[in-house]
Amino acid sequence: MVSSTTRRRLRARPRALVAAAVAAVAVLAGCTAQAPADGSSSGSGTSGGTKPLNVAFSVAPTTIDPASGCTLDDARLTMALYVQLLQPGQTTDKNGVPSVDPTTADPYFAKSYEVSPDGLTYTFTLQEGWTFPSGTPMDAEAVKYSLDRTTAIGGCGSAIVNDLYLSPTLIKQVTAVDPTTVTVQLSTPDPDFPLALATPAGSIVDPSVVEANGGITAGKPNEWMASHEAGSGPFRLKSFEPGTKAVLEKDPNFKGQPPASDEINVSWVKTDSAMLLQVQNGELDVATGLSKNSAKSLEGGDATQVIASTATANMQMLMPNDKAPWDNAKVREAVTYAIPYQDILDNVLKGYGQLYYGPIPPSMPGYDASVAGPRTYDLAKAKQLMSEAGVSGPVEVTLDTISGDANQASIATILQSSLQQIGITVKVNPLSESAWGEAVYGQKTQAALRLDGPAVFNAGYYLSYDERCGISYNTGVICVPGNAALLDTVRTSSDEAARTQALNQLQANWVAASPKAILYLDATAVAVKKGTTYLWNPITDMRTWKAA
Amino acid sequence: MSTSVSAPSDRSARSDRSALSAEGLRVAYGDVEVVRGVDLVVRPGEKVGVVGESGCGKSTVALALMGLLASGGAVTGGVVSVAGGRVDYRDEKALDRMRGSQLSLVFQDPLTSLDPVKTIGSQIAEALRRHNPRMSRAAVRARCAELLTAVGVPEPERRLRQYPHEFSGGMRQRALIAIAVANDPAVLIADEPTTALDVTTQAQVVELLDSLVDRLGVAVVLVTHDIGLVSEFCDRVMVMYAGRVVEEVPSAALFDGAAHPYTRALLGSLPVPGRPRSDDLTWIPGAPPPLAALPAGCSFAPRCTWAQPECSAGQPPRVVVPSPGTTTGEVHVAECRRALEVVASSRSDESTEGEPRG
Amino acid sequence: MKGTRVQAGTAVVLLAVLVLLAVAGIFLRGTATTVDVANALVPPGPGHWFGTDAQGRDVFARVAVGTSIALASGLGAVAVGGGLGLVIALVCGLGPRWLDAVLVRLLDAVMAFPALLLALAVTMAFGTGLLTALVGVVVTVVPVFARTLRAEARRATSEPFVQAARTIGLSTPHLAVRHVVPYLGTTFSVQTAANVGNVILVLSGLSFIGVGAQPPTPEWGAMITEGLQNALTGQWWIGVFPGLALLVTVVAVNLLADSIPAVRAARLARRRTSRPRREATAPAPVEA
Amino acid sequence: MTITTTTAGARPRRAPALGGALKRAATGLLGVLMTLLLASVVSFVVLRAVPGDPARLIVGPLATPDVLAGVRAQLGLDDPLWLQYLRYVRDFATLQWGYSYSNGADVTAVMAARLPATLELALWAFLFAVVGAVVVATLASFRGGAFATVAKVVSLVGLGTPQFWVALVLILVLGSSGLGVLPGPSGRLTSFLEPPAHVTGLYTVDGLLAGQPIVFSDALAHLALPAISLAIIPGAFLTRLLTANQNDVARSPFVTVVRSKGVSRWAAHRRHVLHNALLPSVSSAGLVLASLITGSVLVESVFNWPGIGQVLVQGIQRQDFAVVQAFVLLSAVLYVAANTVADIAVALLDPRLRVRGGSK
Amino acid sequence: MADETSGQTSGQTSGQAGAPLLRVRDLRRSYGGPHSYAVLDGVSFDVRRGETVGVVGESGCGKSTLARALVRLDPVDDGRVELDGVDLASLRGAALRRERRRFQMVFQDPFGSLDPRMTVQQLVEQPLAVHGTPPAERARLVAEMLDDVGLGGDFAHRLPPALSGGQRQRVAIARALVLRPDITVLDEPISALDVSVQAQVLTLLRREQRHLGLTYLFITHDLAAAEHFCDRVMVLYLGRVVETATSEELFARPLHPYSAALLSAAPQPRGTRERERIVLRGEPLARRPETGCPFASRCPVGHDREVCRTSTPVLAPAEGALGHQVACHFPGELVAQPLERAATA
């Protein structure tokens, strides 16, 4: 979503997948959400025979199985094809423009839910009378089947729906009490669990279809499901050519809120220029994944508007703190002052981004602007820090990037020439995605560029990686003293103030240690044909989209 | 024994009843003149041989007459008449009409002279249809079969449907002759027609040509390097050297009465059957001059044992040689100022004229 | 003849320009990777002849460095591949028949892959990058050389002069070195020139699909890929100039390859005409 | 006396027709098998030698070690290599080309879905190349002079053309951002048009079959630029080949013989030279196909053409080796098949090779 | 056969009777795998020291195959080739290469048989170098040899492309003869040359033979040249020797119908033809029939005779001249009818 060729795969961390943000820890603590499932404020008429909506994305899904999908790209169709127990909430800004509020979870297939006082048992009350297209009733058994399946497969879906508690898994047991009642028992209290359920990973699948097509094999993705739907959602998959296109057709039998469009043509356009051309030709209503350069060129056009939405993904340079020269904090700090942030933002991102410096992006609740403001480009200070660091002789660093990622290539080039100024010679080492993954997640890399975002949109989830010392997910090998204890408070405390304070302290500690270089917070530029009803959502949700 | 230059009027008089006549034919490839003024007259039913070593221009004469010089080559001078009509080598359409109907060609290599992917029948028919567009399909087929039979190919109906690769070398040459005589041409130009064939096959083809002359009255120009063949087959022999005809002699008089030192030397180098083995062969020293840089005067002078200083001074005269073998109307002309002396010496001493050094 | 001279002349002039460019590239190595984001996407003009790319790097400098990369890698890969191919060809041409049969089958099988795909397969097996792409390309070059040179070597063995050399008692290795290898000379040089072009094309193709040279290496294929990003937003120069350089290079070496046999023949003819002989009489192709 | 008596006469004439045909078939089959064997080894080695664990790629990065081990066992990755290889060959032969994790579908299904697009592109490119080459080469050979020079320049430049770059230039010049003559890289059809009813999968053909001239013309307009980009190299190659062939044939004595019958130069060229020159070029079908395959890999991604070339590039970028090896192996199979078909075609078309009984 | 021919060599032969220099026995060679057919079908003959033996026949008769087999350019399927008692057919590797200096060959094609990149000097010197002659002696021998063939001085440093056909063939002869081989196979040495040069090459060969006491096997299709140049002639037809005799004998009195036809078919200058031309039916077959006389199908004598088609005649002494052998059931039956001599005044 950052560039046409960028593909962010979830490795040790489900990044940028589910953006169910939590505004404040307190909001959710022990609460019971029961807002009506009205949700849609797009106000689109669903009168018969709407124009088909033409949508293009830059990166095709590797699977459309919600239990296996790891990336935003994998989840493009999920919200259209499947229902979940809960869905991200919506708000309306002061101008009346609706937007998604990923910090809340609204009812969807679950009309309501209750949490036991110990926070370990969630009881969901389901909608009645819903059925799968196959005729199988959509009931508690189906929910149990779906959640169990996701956990059993053990892929990305499991990690997300379990809010990254994997051993033991967060979901201890799912019980179908009666057709409309499901209880989920957790192995540890987790106030963010509803947010995890409001992700594609929490999708409900038709057990009869799954069983007819390979069933569940523990630890093994279902290959049939990767290219077929067993859905419960408002759209049916009329046709699907993996990697090329899909046609979604409104399911007239869907019992929930009907979608705005009758038919959606989804195509995957790998080539940026091709997508740009299609937008220019007016062939597309919504185009997601244009390069910043292409998006910029569309701005101010008569037919198209570019909607830039701040995402949660940030571009960072990993400086594994255990490896030379990064074991010297002064060197790390020097690097953070030697990067021409504004140049990168202006030239590489064409302004589609935001600068900051801290462990939590500004778009996430808990961000403390007073400590985590952007670093300034200060070459003199950087050089000063280098000399204070006492590093002698030329420093050589190999920077791993993902081959074929134009943005990374650009940034690497800029870093190369910037860091040269403070005596660090950067050798750019473009790797294939899997090789890059092995280097980064295997904690072998000396330096790497990485576009990173949280799967579940809250600070506790997001910080679980970097602020715990010595765990394998901690790709930056960051160990800021005291932060681990602060994180425990953030994740488990039910005291809002304590959480806020801990979070602020954590950010301050982090910024002082300069454990990695944060280059920018990415903004997604979506080209939308004027007049199209479009609602941005971190996870693509086409239910409200409608052609002009 | 009078020396006289043959008058042009003689030749024009003769050309009236000639099947083919060329006067002062000149051919050049780029700047290099490879045929330098060749006169050739062929009467109906006559067999004329053109002999010479490789590079003398004899094949070029054949192709030039047909108007089929390879690219880069052009007729630069001379007047050619076929069956009384003058040929304009710039008029492609007229040439196309002439070729195959009045003037035909039989080529050296029967292996490559037929289109390998077309049947023999269609290749003969092509010649017929070209000049008889209104001929019916059946008539064409019948005529093709007739032609094949005429050139001695058995089972013509089956053979017509076959492809060249299914024919042996001799058979292909017969098919080519059938193509050449399909439209009863006045003159058949045969360019080394037997060179690629074995001796016994060669004999067959020669017999065939002989019989065609007898039966059809076609005139034949036989271009070859084989003096034995020419002298046996032809009525008249033109010996070419460096792009010119140096001697024109009735074949009966060739062996004993050749008047040009080149002809004599050529004959002297032939191991003639019955010639005693103790009798060493003679040869011509040196090599033919490059056509791009011919010596002044007689081109053969530098290699000639008879050469005198004046030979290099100017073009040698055409000398009419009275020969005992000549009958009325036959001409013996040699382009050598000492032609008569040469003839005289050969008469007096059969074997040891102009002994070259070893 | 005249056409050949013009052709060879054009090839030499083009190659000379390219070599100059390549030499310039050696000095411009620094400039080619110097980022100047303030001057990004400047159109071609006096300051930047070929404009600048998205990072403000000078496209001319990058094309120049790309020239040295292309020429060096093209020649290098062909030298290695051609050498190996020559050895195989000699083994095939002069060795035992069964070995020839086996090797030819093997070569044929390798040649069943389009060069780009074979290079791709090999490159992927060794990991992406210019060096591994070169290995991949060498693999594709070997059978091309081996196959053509083998045919020539076989022809050589049936040439009377090689047979004559055998009848005087020359051993096979001597025969190979003294007579067969020189005989292969023309073919080898033609193949070399022709394959340099192919190799450069395949290398850029590999870079284009992302397994060859990686950015920021100023390899032409990689640059065209980068240029493609900006093609429709108006910055045509980023991709067009490297492609043009690539085209000119390949055409130049192909031209050269094309003229080698004719030039050789002409030289031979000149040598003959210097001492007038019968063979030199005239361009009379119709004579027997 | 220059009767050329070489050993040629002593060389065996053609063996009896049936035996010869059998032997040729046997040799051909052996070659095909060898090629396929090697192709399978190469693609197998590629799969196994590439860094990265296929099992890891399939289950995703978050899988636990047990899950990973399970998939490994299931894929047979723990078996000895030769066993894996045999299984792989069997799977390929039975069209089980594995699972493309990057497409979330079986490789066979992906290829089958994408093949028509590539076929259509290749078909038109082939048409453009052949027609263009025949016209240019015939003009060059027949007219010579400036035509020959132009043909030579065209073929030389064409052979040196990076297809993906030409694609770019064509888009810039002819595409909607340039002269606007033809649509740019926007797939096979304008998006508001429905693809025609699926018969062959080729939109141009299906469009005609369905009686939708608009679909046909739109599909053709979309095809034009990629097909031209793709046609340039094979077209240049064929131009060169055909020019050389025609020049060679035009020099053969039989053409002089044909002319000596009184046939005009053009008729002789058309009936005899062109015919003879075209025959041997049929056997270069394999090379043309190879260049079309290569071209499709390079051109499809520029034009966003949903063919198998694009799948390959994407497979490479995502390290989806099932796709890569299937493509590599498939292209080798296609190459071999094309060569075999070409051989058969030449044998049928060329009377010299045609098997005939009892001719002698 | 050997016994009958002994002492039959012409007067030029040094009279060392006894074992012949070259004994070829039952030489066989087949082409083409499963459908192979014999190109040489049991060829046996002797060559005495100092003599010139001609092998004549049309294309496909096996004469070139014979030449190549004798100098071991092609393998031999069966049979013996003894040169002074050493069986060349069984030699291999280094032993064969050592022996090669004793048998040399001059090829048909003077344009192809010289490496165009070697000077005349190098070409003629190479055989000596290969066989280990010291450099000083080499230079002397080469200079001598080149003088002998008339290519002294300036020629030594020329490259073959700068030479004419005749000159090249002389270089080829010099290269073969510089080793002083026991036997030299001349494979159509003059057929690619112009008439006026042929005589020069033949004369040179004959002079060198006298000078160095050489032995030649002369392969040719040119009957006149064979008659002129050879002491003894063998006629080959489809891989078999059908007739052999001294050249005077053979050309005066051919006994085999094929020989007779061959001689009569050769073009003869008007006035020299003495016999009616015999025109054979059909053309030479590519391969021998399974049974009977290989010539039967074309033979004017044997075409309709049962015995000719069922039984293969063997080479046997003929009546008349000693050493005249013929393989025919009806030798001498076909004799070209004498022609009335053309009137020459």
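As written, the chain order gives the labels A, B, C, D and E, with residue 1 at the start of each chain.
Here, contacts are C-beta pairs under 8 Å (C-beta built on N, C-alpha and C of every residue); 3 or more make two chains touch, one makes a residue touch a chain.
In this text the structure is predicted, and so the values were computed from the model without any measurement.
Any chain touching subunit A that also touches subunit D appears here: C. Of the two chain pairs examined here, B-D and C-D, the one linked by more C-beta pairs in contact is C-D. Comparing the CA-atom centres of all chains against that of subunit B, the greatest distance is found for A. Once the centre of each chain is set as its mean CA position, subunit B and subunit C turn out to be 51 Å apart.
The geometric centre of subunit A is 48 Å away from that of subunit C, both derived from CA atoms.
Chain geometry summary: the mean Cα position of subunit A and that of subunit E are 92 Å apart. In subunit A, the residues touching two or more other chains are 271, 273, 277, 280, 403-404, 432, 435. For subunit E, the set of residues that touch two or more other chains comprises 58-59, 108, 164, 195, 198, 221-222, 225. Residue positions 54, 63, 70, 108, 195, 198, 225-226, 287 of subunit B each touch two or more of the other chains. Contacts from subunit D toward subunit B in the complex involve residues 1-4, 144, 251-254, 256-265, 271-272, 275-276, 279, 349-352, 356, 359-360. Residue ranges on subunit D touching subunit C, taken from their complex, read 2, 30-31, 34-35, 37-39, 42-43, 45-46, 49-51, 149, 152, 156-157, 159-162, 164-166, 168-169, 171-172, 177, 184, 251, 286, 290-291, 293-294, 297-298, 301-302, 312-313, 316-317, 321, 324, 327-328, 331-332, 335-336. By the touch criterion stated above, subunit B contacts subunit D in their complex at residues 54, 63, 66, 68, 70-71, 92-93, 96-101, 104-105, 107-109, 112-119, 123, 126-127, 130-131, 162-163, 165-166, 176, 179-180, 182, 195-198, 225-226. If you check the complex, the residues on subunit E that touch subunit B are 58-59, 164, 166, 194-200, 202-203, 206, 221-225, 227-229, 247, 251, 261-262, 264-274, 277, 279-280, 283-284, 342, 344-345. Contacts from subunit D toward subunit A in the complex involve residues 51-52, 56-64, 66-68, 70-71, 74, 99-106, 109-110, 113-114, 171, 175-177, 183-187, 190-192, 301-304, 306, 310-311, 313-314, 317-319.
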